[in-house]
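What follows is chain A paired twice: with chain B in the first complex and chain C in the second.
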Partner chain A sequence: MNFRNQFYRVGVALLPGLPSLLAALTTFVLFMLFLTVQGKPAWEACQLVVQGAFGSAFALESTLQRAAPLMLTALCVALPARAGLIIIGGEGALVLGGLAAAVAPLWLPSMPTLLMLLCMAFSAMLVGGFWIGLNGWMRQKRGLNETIGSLLLSYIAIALFNQLVEGPLRDPASLNKPSTVPLGDDLLIGPISDQFQVHWGLVVGIIACVLAQILVRNSVTGFSLQVVGGNVRTARMMGLPVDRLVILTCVLGGACAGLAGMFEVAAVQGSANAAIIAGYGASGILVAFAARQNPLAIIACAILLGGIEASGSLLQRRLGLPDATTLILEGILFTSLLAWEALTPRIVAWRLRLNERVIQAQGALQHG
Partner chain B sequence: MRALSLETIGAGKSFGSFRALGDVSMKVRAGTVHALLGENGAGKSTLVKGIVGYGPLDEGSILIGGREQTIVSPRDAHGLGIGMVYQHFTVAPGLSVAENLVLSRGELPWRIDWKQERARLAEFMQRMPFNIDVERAVSSLAAGEKQKLEILKQLYLDRRFIILDEPTSVLTPQEAEEVLGLMRDLTRAGDLSVLMITHKFSEVTRFADDVTVLRRGQLVGSKAVADTDETELSTWMMGESRTQAAVLERTRNDAERVPGLEVSNLQVANDRGTLAVKGVSLSVLPGEIVGIAGISGNGQRELTEALLGQRRRSAGEIRVNGRPYQATRTEMQRERVYSLPEEPLRNACIAGMSVAENLALRDYDQAPLCRSGWLINRRAIRLRARDLIERFNVRPNDPDRPIGTLSGGNVQRAVLARELTEDVAVLIVSNPVFGLDFASVELIHRRLLEARNRGAAVLLLSEDLDELLELSDRILVIHDGEINHQTVPAEAERQVLGRYMAGTEQNDQQVAS
Partner chain C sequence: MADLDLATFFLALLAGAIRVGTPFIFVSLGECLTEKSGRINLGLEGILVSGAMAGYAVAYLTGSAWIGVLAAGGAGLMLGLLHGAICSLPRVNDIAVGIALMVLGTGLAFFLGKSFIQPQAPSLVAIHLGGWSDDERVRSALSINVLFFIGVALAFVLSWGLRSTRWGLMLRLVGDHAESARALGYRPVLVRIAATAAGGFLAGIGGAYLSLYYPGSWNEGLSSGQGIMAVALVIFARWQPLRCLWAALLFGAAGAIGPALQSVGISSGYYLFSAAPYALTLAVMFITCRPNQTLSGAPGELSLTR
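== the complex of A and B ==
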């Protein structure tokens, strides 16, 4: 009886993860099929994906290096999602945040390194937060669909970035790869340790996810956001400042994406250039959906997706598969996730039934 | 005679382990109006859905015109000439009457020959005892006309047995009279038979030939209306005659007092941007229930939403306890403003959140549900929820269950538990008992009276005149976004109220606020 009860409890706890699990399985099957049709060794390719992601210390480092910005851009989706918004424009906030971080040291008076890094982070978050906050504002005040709005604003952000980097902010010394003036060596963010060659962005990403979890799950503001996202009519009836809450969550999400841009600039590229437009914003959407908008699950999903992206070069070298293969894999994964999302109402029903069993079993234990 | 007779023998239906309907045998004679009475959950809808094929019966048989028929889908029922008019309109508002009628046929050729269709419609309308201009847009029809269109649609489709589901719930008394009278005339002429779901005794005694009463899925009785009376019917329905709730003693001094709720010259636009509330002024004193009567769609929804803070107002002022009120959370908590809106799942709950969380919506940002000013105390939320669930008898009593999975009555009880705390100062209520069973209705009405007696200012918007007459201290009538009549229940006459509700009589007296 007790064992059974435990079993039901585990079931209740794990059921919400079922769509993600099924999506992973579907993706695996479809990806194998995709490779087999081309006459490529499917099983070997799958092994290579795992190997390229987690097979060696180097692979793991490369994976985590990619996971760091994904955690932050995923938060740019997951936080507004709490208030019922689907924001897909994290890329724009990332590139503009990166640009802000790159030019901050040029415009601000000189100051100690740590303080300057904080200023860079702050300006990146400010710009990113403003950009996504603009989406929230347009939605609440002008009735613009936030999904389309954020996508279009993201294109504008990228165009603006290119315009500035190739124009007024261009370092005359950067000849064939237009960039801003490179950051001084003291401002480059190094690896966490010599044995672990991953930059500090990973730590910041994990901290951001944990803070987001606390905000969403344990704070009054998080509860209010859930009310707004669940039923805006009820939120209004409760007198909640709906507009303010929506814009706040957008600003927080945008700030995370902006921060991701700062780490891309200060820890990877050394200056703001077109290389930071690497699709982290888009992959972040995938991560957030795979994690079902749960900040803690984002950490795991970001590492998983970082792994897939990191394995691309290995696939290319060993099997001669094109670079786009990992993109295809991601695409299949995203489609499967959305498709299995349709299970959600059933899962709610199943959880209820299991929950009733748990209660019944408890009753039996108490009385018997 | 074109009219069909219909008989069920041993009709039954179960949902899982719950037997919604069992062993119901009844007969609707051809060319009669047969009333089906019963409280909510008595099995009326289950039986009727079985007859029209939306939820086929598990047991028993159906005899149409004396011959046994199997009905497993609406298509079967339609083929036999059985049609149904639903409580809520099923016409397309953007199309004309003619288009609605022609579309309802279902199987249309790829190209519609409108000239021929119009000729056929004109010929059809000539045969009908009542008419609607076929060129009019359905959106321009009044509720009564829409209901007539629904009935015309059934006749147009050559139905010979029509089921009406609470046909008068959206009509004024005059419109109800007219529509039901027409149905009676059509049956008398032998053109059709009617099975009518209702809960109004007056409609049974005045328009029906026979009556069948269901209770908890069982047949209680079936006989000719002439051989029965209201006392017997109500005993059949409720098990025993409905007892009046004891009127509670209330403390009230009518000295000069600040109104709990005061609205002056309020204007509110609807979703299309046109004014739905056109300068409403009213005031509700503490310890008073002010009822607002009106046919649905005359600005009540916009008025409620503006008072609740769900909709922006275009002009005017709202004051609560004498202070200007913008419906912010701080004001709600300070002035103790609460509300029971209609459709609680849509307006006052978050379906996906648990019962416990929904019960905390008013004060999750205050101690003891919140610690250190920002941390949610989930343990306290669950603990308090358990207490409220027991006190208000919410079933099932699991605080962690998503509230959207509860039945309508239980959702409303949960909202009641949250909103009717001990110290309500202002209460805004809109159609609080719509679709609930008698037990829940009694409970809610009693709680409203208790709140008033403790000194709450209650504004009650309702489409149910009986409810208003029973509970209100004053009644205002709203028509087309304006208050056009004020009276007290003791002096109110239904016919007069009905005329004001329909707008046939306008502002003949000065409305005091």
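== the complex of A and C ==
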């Protein structure tokens, strides 16, 4: 009897993870099937994905390096999602934030390195926050749909970025790869330590996710957001400042994406150029949805996605598989994660039933 | 500026509008059909790229460009079907599925298309309507692909079909109010899956135009976001097939304005012109949207407007 009780309890605890588990399993089967049909060594490829993502210190560094911007761009989706908005324009905030960080040292008076880095981060967050905040404002003031609005604004941002980098802000010395003037050596953000060659963006990304978790779970603002996201009319009846809350989440999300741009510029590229338009925005959307808009889960999902992307080079070297293999794996993974989400209502029902069993079993123990 | 040749400029613009706009016609009509049923498919970009690859590969293998076009449509149909089926499950967000499909479609196209980057497939032929002119520029501007005419005809057919056929009315009913459709005995889920699949078919053909006519070869940088732009285009056109046609030509012209300006010696501002359609759509949405009121013409069940 007691054993059975334990079994039910474990079931109640583990049930919410069931869709993710099933999605992983589906992905594994479909990916193997695809490679087998293509006549490629499927089992070996799967092993190499794990090895290329987490198998060595070098692989882990590469994984985490890629995960860092994804955490920040995913927050750009997850924070507005708390207020019921679907923002898909993080890429635009990222590139403009990166550009702002790249030109800040040129335009600001010279100051100590640390202060300058803070100024760069601040300007990146300001620009990114403004760009996504604009979406929130247009939605609240004009009823303009934020999903399409952010998509459009993102493409406008990328065009603006290209125009500025190839035009007025171009470093004349950058010949075949138009860039802004490279950052001074002192402003380049180095690795966390010599043994751990991952830039500080990872730490900032994790901190941002933790702060976001505290904001949405443990603060009054977070509670208000939940009301706004659940039912706007209730929120208005309660007298919550709906417009301000919505725009706040957009600004915070945009600031995170802008910060991601700053790290791409200062820790990876060394200047703002077209290489920072790498699809971090779209990957961030997938990470946020896979994490079900939960900031702490974003950390894990970003690392998973970073790992898949990092394993591409190993697949190419060992098995001669094209880069696109990781895209396919990503596509299958996220499609099945979203599809298995359909199980959620059932799981709620199953959990309730299991909970009842636990209570019944306890009752039986006490009375029996 | 003295030698700015207006005739050259406008000819280049017209030719560009048709040449660049044709894939927009197909992709936007496809998206229009999907959105009319109450779903949004953001994965059209992936479908477009898959269609381009499938069309090119099959045209190369069979030696017939038209079989390639059909194969492209078939590839689009399959991906559209996948999107439609997954979004029919409860609690699945169609926007997120679209983005996942974009990644999957692009990945499949790049993976399977790797071996087709080098060989030259037969391309679609153009109809030369400019034979009456001695001017070389006029003749090149008026050599127009058959798919353009098919696209124009399709816009008229869809416009008529949505307005005055039983199928069209049912599709619009499902998109505007699924409950009423259910009450009349239709099954909204099946209608939506069919509409998304049909939309995928058209988007795939748009992709085949890219790889088989203009630019006319398969490579991984083939699409410049036409699939994404089509989503904006449909909103710009307020969900009406005929307006989709004009908007596609307008967007094509906006994409062609940079190269057209280059043809008369102005080369700055290229990127800003390419973003003009996005800015235009945003401006139109900003002007016409009101709080507490959806865009006029928007299907009522669309997640964008609820």
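Note that in this section the second predicted complex is superposed on the first by the 339 of 368 C-alpha atoms of A that agree within 3 Å, B and C clash if a C-alpha of one lies under 4 Å from a C-alpha of the other, contacts with A are read in each partner's own complex, and residues count from 1 in each chain.
Following the convention adopted for this analysis, a contact is a pair of C-beta atoms (placed from the backbone, for glycine too) under 8 Å apart; a residue touches a chain by one contact, two chains touch by 3 or more.
From a predicted model like this one, the values you see are computed outputs, not experimental measurements.
**Student:** Clash or fit: chain B and chain C on chain A?
**Tutor:** fit
**Student:** Should A:289 be classified as contacting the first partner (chain B), the second (chain C), both, or neither?
**Tutor:** second
**Student:** Please indicate which partner A:223 is in contact with in the superposed arrangement: first for chain B, second for chain C, both, or neither.
**Tutor:** A:223 sits against chain B, while chain C stays out of touch.
**Student:** Quick one: name whichever of chain B and chain C touches more residues of chain A.
**Tutor:** So, of the two partners, C touches more residues of chain A.
**Student:** Go through the superposed model and pick first if A:141 touches only chain B, second if only chain C, both, or neither.
**Tutor:** The second partner, chain C, only.
**Student:** Does chain B (first) or chain C (second) touch A:325, or do both, or does neither?
**Tutor:** A:325 contacts chain C only, not chain B.
**Student:** Once both structures are overlaid on their shared chain, how near does any Cα of chain B get to a Cα of chain C? Whole angstrom is fine.
**Tutor:** Least C-alpha distance: 6 Å.
**Student:** Touching chain B and also chain C: which chain A residues?
**Tutor:** none
**Student:** Under the definition above, what is the set of chain C residues touching chain A in their complex?
**Tutor:** 42, 46, 82, 86, 89-93, 95-97, 99-111, 114, 225, 228-229, 231-232, 235, 268-272, 274-275, 278-279, 281-282, 285-286, 289-295, 304-305
**Student:** Okay, in this complex, where on chain A does chain C touch?
**Tutor:** Counting only chain A, the residues touching chain C are 38, 86, 88, 138, 140-145, 147-149, 151-153, 155-156, 158-160, 162-163, 166-167, 282, 285-286, 289, 322-332, 334-335, 338-339, 341-342, 344-345.
**Student:** Residues of chain B touching chain A in their complex?
**Tutor:** For chain B paired with chain A, touching residues are 308-310, 327-333, 339, 341, 346-353, 357, 361-362, 364-365, 370, 373-376, 398, 400-402, 405.
**Student:** Taking the complex as given, what residues does chain A use to touch chain B?
**Tutor:** 218-224, 226-227, 230-231, 233-234, 236-241, 348, 352, 355-356, 359
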